[in-house]
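Below are the structure tokens for one structure; questions will follow.
Chain naming follows the written order as A, B, C and D, and within any one chain the residues start at number 1.
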Amino acid sequence: MTTFSQIAPQLEGQAIELPSWAFGNSGTRFKVFGTPGTPRSIEEKIADAATVNRFTGLAPKVALHIPWDKTDDYAALRAYAAEQGVALGTVNSNTFQDDDYKFGALTHIDKKVRQKAIDHHFECIDVMDATGSRDLKIWLAEGSNYPGQADLRGRQDRLHESLSAIYDRIGEEQRLVLEYKFFEPAFYHTDVPDWGTSYAQVSALGERATVCLDTGHHAPGTNIEFIVMQLLRLGKLGSFDFNSRFYADDDLIVGSADPFQLFRIIFEVIRGGGYGPDSDVAFMLDQCHNVEDKIPGQIRSVLNVQEMTARALLVDRDALSAAQEAGDVLGAHEIFNDAFYTDVRADLAAWREERGLPASPMKAYAASGYQQQIEESRVGGTQLSWT
Amino acid sequence: MTTFSQIAPQLEGQAIELPSWAFGNSGTRFKVFGTPGTPRSIEEKIADAATVNRFTGLAPKVALHIPWDKTDDYAALRAYAAEQGVALGTVNSNTFQDDDYKFGALTHIDKKVRQKAIDHHFECIDVMDATGSRDLKIWLAEGSNYPGQADLRGRQDRLHESLSAIYDRIGEEQRLVLEYKFFEPAFYHTDVPDWGTSYAQVSALGERATVCLDTGHHAPGTNIEFIVMQLLRLGKLGSFDFNSRFYADDDLIVGSADPFQLFRIIFEVIRGGGYGPDSDVAFMLDQCHNVEDKIPGQIRSVLNVQEMTARALLVDRDALSAAQEAGDVLGAHEIFNDAFYTDVRADLAAWREERGLPASPMKAYAASGYQQQIEESRVGGTQLSWT
Amino acid sequence: MTTFSQIAPQLEGQAIELPSWAFGNSGTRFKVFGTPGTPRSIEEKIADAATVNRFTGLAPKVALHIPWDKTDDYAALRAYAAEQGVALGTVNSNTFQDDDYKFGALTHIDKKVRQKAIDHHFECIDVMDATGSRDLKIWLAEGSNYPGQADLRGRQDRLHESLSAIYDRIGEEQRLVLEYKFFEPAFYHTDVPDWGTSYAQVSALGERATVCLDTGHHAPGTNIEFIVMQLLRLGKLGSFDFNSRFYADDDLIVGSADPFQLFRIIFEVIRGGGYGPDSDVAFMLDQCHNVEDKIPGQIRSVLNVQEMTARALLVDRDALSAAQEAGDVLGAHEIFNDAFYTDVRADLAAWREERGLPASPMKAYAASGYQQQIEESRVGGTQLSWT
Amino acid sequence: MTTFSQIAPQLEGQAIELPSWAFGNSGTRFKVFGTPGTPRSIEEKIADAATVNRFTGLAPKVALHIPWDKTDDYAALRAYAAEQGVALGTVNSNTFQDDDYKFGALTHIDKKVRQKAIDHHFECIDVMDATGSRDLKIWLAEGSNYPGQADLRGRQDRLHESLSAIYDRIGEEQRLVLEYKFFEPAFYHTDVPDWGTSYAQVSALGERATVCLDTGHHAPGTNIEFIVMQLLRLGKLGSFDFNSRFYADDDLIVGSADPFQLFRIIFEVIRGGGYGPDSDVAFMLDQCHNVEDKIPGQIRSVLNVQEMTARALLVDRDALSAAQEAGDVLGAHEIFNDAFYTDVRADLAAWREERGLPASPMKAYAASGYQQQIEESRVGGTQLSWT
């Protein structure tokens, strides 16, 4: 049996990127609830993200979303973030909130609209150059709602053209990461609905184009760890958007709906070489804290990833291989589960304390007064959300 | 084989209630697209709904949503609707857009919040009294997002108490109709997730409490016509919210995603006595025209219901029973499908013309100039949506 | 925080009934793999079941399936079981393997076939009288494969008639338990597809008729613990068939696919009064060990239920209620999860040893030589399976 | 509006391959029902398949399954088929019914087992050489039932090795077609679960390796026509296994569960160049007639494909493109649906009669006496099924 002290060194340097928008208000089509203390500026979002990192040591980067996080001076923003102790990370484009994009952006039948969307990505690359970001993440809301509404094939070909134009612009040290999503906001077809489509599209671009796997973007029953394995095997797993779901793209806290699934996913990441200093797979949250507090929601999330990583590292892989080779179904399953059922929380608390971090980041945050302070000081202005 | 002329008399009097909110803007959590001509007042919504009825003869009633359609003078609104040729129909309550309802309304742990939600329903009943509406439809957005967040059982008991208070207030000629929904906006549990729960709750209230079946509110793969059959058998099918879906509660045009399913549903309605002058099952649309035009979207929808009703009436039920009794699987299936595959559109066009209606309501609407007129005249003000 | 020693007393007396058929061969429509040592008689099945109980102390009863377990002398069988240290439990009827039932049994359109199926249940009741069994469990494979093939409503009415005849025959101390199943082996409609239908049917029979919840018999995404809560609330939860699933009715080892779901289910059982000496809810396994060893598969299963029961008992319900009442989403979720993540395995090992049971039933079984002994001695004859 | 006479020429030459096993008995894990007249030999299966072709003109080929259809003299079998008016088609391998394959075949951890499975495919290629078959179709039942049971990545790598060995053996005019399946008979992971995996595997082999799309092998809600479009676009759609489903891999008659979906699939086939003399996409049935008659079940199936092909050809693609380009959602949807709702059955009946075929193949078969004849003459022997 592997012990915590054996795997502890591998926990060093684990980093989970936080999405700036997790600190703004979000909700459903029915209602967006606001909460006291919600940021009114990108700087306040970064301050909140940095707070998560301060209490956990797990979240050294903040992802930006353009245009939500547009600013006049990215160099200044970068410096501000550095002061707070974090760096600016992935830049996310947005082609779903402009009236011109009602029937598509990179796939739109009208060349002018496509060019507008391509230009938006060029702008994002400019932002990346200014912020030092490596990854341009593209999630497309494009699709159609009714059979016959759109020419599926023509859209796919146009998507390739548009992505090629964007890919040609990214720098040698930058990457294009294409996310896929099963459905929503389009309800009949989505132009990048599955990993196969994302894989086929990025493969046609080149080496610096990879796939983003959002854990909430699959059909019911999909074996996500299998996809993780396959994309790592094919050398095309670029990044994760972590969250969890019971039904659709619920965007709940990672690990909250099916912790065993998160364990299996992280196990395959490790198994496939996607974890650790030699891997360039990016780990990121993409969640909506509709009803729970945002900052502790993010703290809880990165802790969930860390705890599950520790458990996945605990799997006795030699014993597992031996049981697998012997056809010992119950034995292999039990070795695998032994790690999952191991309670790593006390060990992790000690591990944190050794590093000058609070044993319990959740309690420490609650006791810190930060929440009261932002609730009191962030008065007036407009709370940020998805618009 | 049954012929169209044999079933034509049964098409008389078919009525599909339109939701006032279908004429306002709607969308997803990502974006709500506006369109020229969108109503700025309940009167304009009613004018649009009346237009659908004028072109189809199928939509003599408009459902209201409180508070979206609140007005100072319901008697005047009722008179205005009558002038337009329609009546005011079902009153829909709303307990999902007030900050107090973040953690529940009729199920809330705080008695004051529950009473507020009950009082809102009392207000809805007052509206019904003023409008002459029969049905109070209750859809609850209540639930929780995380395991442990809520006490499922306590909420169910409080739901019963709250519904009892509301039920006690409705008049002898009025009905309480309780809708169920599988998920959204709550993502872990929904307080009325399935027909069984709605049935158990309304059965505990009394005879004037029934179930509303929204065709988009089920788990993947659910046999909806079976539920229709069962609720009719149990005497508890109060009304339909028609729409269609590929994935979740997509709220697409009824019949657009799976026309054969709509056929099977309507067949069971007829089979179970839920269609025609002797039935009090209410048929209503509940859709979101996110990307398509709203008025023709509603016209298309009521036509879909009418066309599928004609096909379902065409089923040769004697022949079907004979094949079923003989264990002739393929024969029974073929008799059933013969009706589905019959093209009733020309017959329905003629049927309409006989009644002074346009043969093609879609074309007639497009040619009528109504759309241009509202686009030109409805300038300024605030387009209505779900807020 | 609740401790193990506080909840330990509640673990006394936990009993999970084993299905006799779990010890025979089972498989898919593609292949049934045999294994050395598989029973050739009901006595050998009982011996294996008793072995599970000997190593775990959790499985004092064996469920029978008629006709698979038919014997000439049930009194002798009962005595044999008693000698082995177990009792005979639930009697399961079978109406899906006779050619006459191709188009239904209790719902068949032909009265003679229905009576044959009713008579089979009478025979099962006779067996119950002889074995001292309390529960007659009815799972119906009935349904249809093609729209139009069957009259859904007529079948439902006939089902009521048939069940009434059976219910009238059961003794005052006996119960009729009606299982529901989403699909399979029927692929278009199932006559008892959901809890609502089972509830409506058993409610029409009387107090001694209740619902059986098989954890694998739901649509994708169904919140099963909600149904547990609701059936307990309505006083109609008769029994559980435990197993687990990723896709359809996979009949895998309980707790192996989604352990957190099992935790939530058992928590609701406890919350709703369905656990412990004052409850008459029956807990039973219904699994297929297609590729893993059968006896250790059953041992693993009852241990999974016990371990998860311990975790669910560990939930600090006072603290949970307080957090729920305060609207503290993250706090409530964390209190709930604290119990789930607690590693109870060492405590349970000690608990077992105190009671003269092996600390690790899995290892003790492997070391016992029982498996080798049955593999060597059970030579010749026909291994039992589902026929 | 396109007319039937315009599209009629494109119906010439349509061919849907029949699976030999559709004429044998099949069922579920619960029960296989036999029927009078079921073939006892591969020759009788071919005679039945040829009968389907005689009545419809749509089914000139019969697919074989090895070892189910093994024979000593394939040249004689080929001649026999030719006499009956049909040719031998796709050869299907079987790696799921040998005890050695319990934990995998082409992916098995033991090299000897893998070689045995590879050798089986070599044997299939020998059969192809003898029968003149073009396609070797590989469906793999391989996977695992429990997390931890198997090394997902190692299996994928071994799969590649095994497929490479097989691919190297097929002739210049032959193809390897790799089928994917979401789940069953494995319940946790399947080694080729989705089109992406099949695509990645066949792309690594070479040009003569393509993907087989079975319409029943997807997750709930999957947009299958999108996959058709994508595979055609990527040049990797090798063949179809047609059937239909409500839940899992139900293997029902193609077009019986969701006819509109079949219409959309065939529309994308045509749109993408997969239909007609210039395409080498193979169309095949893969169904189980569990409760309905087999020969008329196959007749009904090929007719469904033909009828839906006629409807899909009727789509006015110029008008559709114009509406799509104009962003006319409802207009495009209506043009698309106009074709679906057109009743082509009378036109097809006339079309058949012009070609010396019966207007109604179903009625003609029923009147032909073939069924009675085989029921009377096929007495004794063992009815064939999946073993």
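One rule holds in what follows: a contact is a pair of C-beta atoms (placed from the backbone, for glycine too) under 8 Å apart; a residue touches a chain by one contact, two chains touch by 3 or more.
What you see is a predicted model, and the numbers here were worked out from it, not measured in a lab.
K.L.:
In contact with chain C and with chain D at once: which chains are those? Just list them.
P.N.:
A, B
K.L.:
What rotation angle, rounded to the nearest 5 degrees, superposes the C-alpha atoms of chain A onto those of its identical copy chain C?
P.N.:
180
K.L.:
Weigh A-D against B-D on C-beta contact pairs and write down the one with more.
P.N.:
Output for the comparison: A-D.
K.L.:
Rounded to the nearest whole Å, what is the centre-to-centre distance of chain B and chain D, using the mean of the C-alpha atoms as each centre?
P.N.:
Centre separation, chain B to chain D: 40 Å.
K.L.:
Which chain D residues sit where two or more other chains touch them?
P.N.:
In chain D, 102-103, 144-147, 149, 182-183, 188, 220-221, 223, 246-247, 256-257, 260, 291-292, 329-330, 333-334 touch at least two other chains.
K.L.:
List the residues on chain D that touch chain A in their complex, please.
P.N.:
102-103, 109, 144-153, 156-157, 182-183, 188-190, 193-197, 199-200, 218-223, 225-227, 229-230, 232-234, 260, 264, 268, 271-272, 320-321, 324-325, 327, 329-330, 332-337
K.L.:
Chain B touches which residues of chain D in the complex?
P.N.:
220-221, 223, 246-247, 256-261, 291-293, 296-297, 300, 307, 329-330, 333-334, 340-343, 345, 362
K.L.:
Per the contact definition, I'd like the list of chain B residues that touch chain A in the complex.
P.N.:
26-31, 33-34, 96-97, 99, 102-103, 141, 144-147, 149, 182-185, 187-188, 220, 245-248, 250, 252-253, 256-257, 290-292, 386
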